[in-house]
């Protein structure tokens, strides 16, 4: 199981690898030493303009500045509607920022090449129903420009990792929700990415599945990958994350190392979270 | 799921088209199987008299085929196509055509039109003259007009022109006088004693079966039918009467009954478009009248 | 290009796994077979009506496959949210769009190959003739013409919010051009000055899809059209298709996915 990322050579970016700053060696070097930023967000503001006339703009994220260092697991927290998915949408170039900048590996997110070494698991997604898991992964790996032999090896490895080998030749439309979520994880890992952006990776999974996802995240960290993920499972976040950020109503409330925050505020992550969102039960 | 709905809708549309086709074909199949029972026809209910208009369209379609597809649209100058050439050439109807049939498109107005003329038929040809291949073509290719005439007849069984035109081409170019006769008899059931049908039937007897007695019989009958049916109208169709009379005249000429022949010519002259030609014929025949069974 | 091919391949795979084409093909074969079995005055050689019906069905099915397949591509990607994982890959929007266009087009052309093969068999059965040259011209002109229709539908799928509206509009525009496109200049000549100028402007602006309809030539056994004319027509269609794809790209480039 632990061979997934070792058996395969790193998926060499087909093009533009030289254009990327911060080479692989640095990233894979000592994670506690010098840590270049993998994600840098500066003064990000996201507004949604509504189609209907007369209705005003919806402010989803305001003045967000954040950076995620190489090799760390970063938890992105916040209640529903806090702006987590919106921020990720900007990071992936789906939505242009209203103002501010966002870079991945030092490349502006609007550029395609920024996504060569990135794996992304969307919040709610269905994959092409008329494909099998294997075909889906083959399709995505073609886009990453992975060589044919290498491609099949990667597909075997990720399917094994997410435990979908038995269903690899079945059409995705016959999958259960949890299985679809796992296909999502598999496609996010297909290019052996250096950065993973996961939007609620454990939603829809059974307790065993969640544990496995946590294991995968931990292993990725051990391999020197950077993981940026959002979650509502605070316990989970506490166990796997190096650092967390908590958003509320589009604003970044706190960010820092999990243990630092606990020390600073004299409470655990859950209590801190509830305090930030303004929930004050008598016993707190 | 929106896309699926669109699909279902389009599928239904196709189904409707197919049922429509099937409904019209049903009637036709029944006809072929000789089932003469008046059957319920949904198309009849749905479009009623519209059927007649459709029938006219299919009759036109036959004429389009007669021209191998080279035919003016409603946007073109169709003065030379007012009367379908299949009817005109069959001698089944008078002609209102005038102008240049070969060049109805005229000069092209612009470059697009100029270019577009490469993509559709652009020579005036008639199938019975060999069609596209000209003199080298197969003259019996005129059979290709049959399906549309058949549909026109099924849609409007009370249109005499469809029967006479079809019968003409069947017997004259396709060597199928039996089919022609059967069709005309079928027509006479729908249109009892119609002079045009009787006339065409007489032509089969006279020209194909060389049976003058039967031909004379039915043509004489046709003249009476004409007087009964058309003669009483304010604007009678004299074209067909002239046709019957001239054919009777020729028949009597051949049989040597010159006085009778001249009398038919005289009657025909009244309705003729070119009375002087007929007068000439009468003048030729008149001296011979005195000598019964004169030199041929 | 490689990315576009991957996307195109996906579209073709989808087409191949859906039932639409098979249903339409079956219907075409069925209707043609039915019509072919009708007896006209005991003359088994009557053939052209059957060729015309078969070709008409092929044109209807071809347009339907092209429009219905294209119209749902991008909306389905957005509705099922498959666009998110796709756009998170190193692929540009232009590549996605071009891949979609290419996939729809190639898939439609492949369907047409099957349809025209059937047509060839029907015609050969009746007329004992196999004029490959004109069949190729008819097929290729049909293909490039549908390329323009696909480009138009693709643009429609980005501009219009509903798939049904897009399908309807594309069908209406396509049918409209096929039926009256050729005559707009004559119509314009009979109109008042301003209206006439507008109609003749339209006449010059629209892609003249009706040019590519050489069914009458096949049905009535006319000779081939000149290959140079054919070449110009192909280029003409490709230019229009290219412009439509370009316009689609300009729209798609600015779209944000939410």
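By letter and in written order, the chains are A, B and C; residue numbering begins at 1 in each of them.
What we mean here is this: a contact is a pair of C-beta atoms (placed from the backbone, for glycine too) under 8 Å apart; a residue touches a chain by one contact, two chains touch by 3 or more.
All figures in this text were calculated on a predicted structure; none of them were measured in a lab.
Chemist: Any chance you could name the chains that touch subunit A and subunit C both?
Modeler: Both subunit A and subunit C are touched by no common chain, going by the contact rule given at the top.
Chemist: Once every inter-chain C-beta contact is counted, which two chains account for the most?
Modeler: After counting contacts between each pair of chains, the winner is B-C.
Chemist: Please identify the chain lying most centrally, where each chain is represented by the average of its Cα atoms.
Modeler: It is chain C that sits nearest the middle.
Chemist: Once you find the CA centre of subunit B and the CA centre of subunit C, what distance in Å lies between them?
Modeler: 38
Chemist: Taking each chain's centre as the mean of its CA atoms, how far is subunit A from subunit B in angstrom?
Modeler: Between these chains, centre-to-centre, one finds 79 Å.
Chemist: Which subunit A residues reach two or more other chains?
Modeler: Within subunit A, no residue contacts more than one other chain.
Chemist: Can you list the subunit C residues touching subunit B in their complex?
Modeler: Touching subunit B from subunit C are residues 20, 23, 27, 31, 34, 38-43, 45-49, 60, 64, 68, 71-72, 75-76, 79, 162-164, 167, 182-183, 185-187, 189, 203-204, 208, 210-214, 216-217, 219-223, 225-226, 229, 232-233.
Chemist: For the complex, which residues does subunit C have touching subunit A?
Modeler: That would be residues 2-3, 6, 9-10, 13-14, 17-18, 80-82, 84-92, 256-258 of subunit C.
Chemist: What residues of subunit B sit close enough to touch subunit C in their complex?
Modeler: Interface residues on the subunit B side: 2-3, 5-7, 9-11, 14, 18, 21, 25, 28-29, 32, 65, 68-69, 73, 75-76, 109-110, 112-113, 115-116, 118-121, 131-133, 140, 143-144, 146-148, 150, 166, 170, 174, 176, 179, 183.
Chemist: For the complex, which residues does subunit A have touching subunit C?
Modeler: 13, 48, 89, 92-96, 112-113, 115-116, 118, 120-122, 124-131, 135, 139-140, 142-145, 184, 187-188, 197
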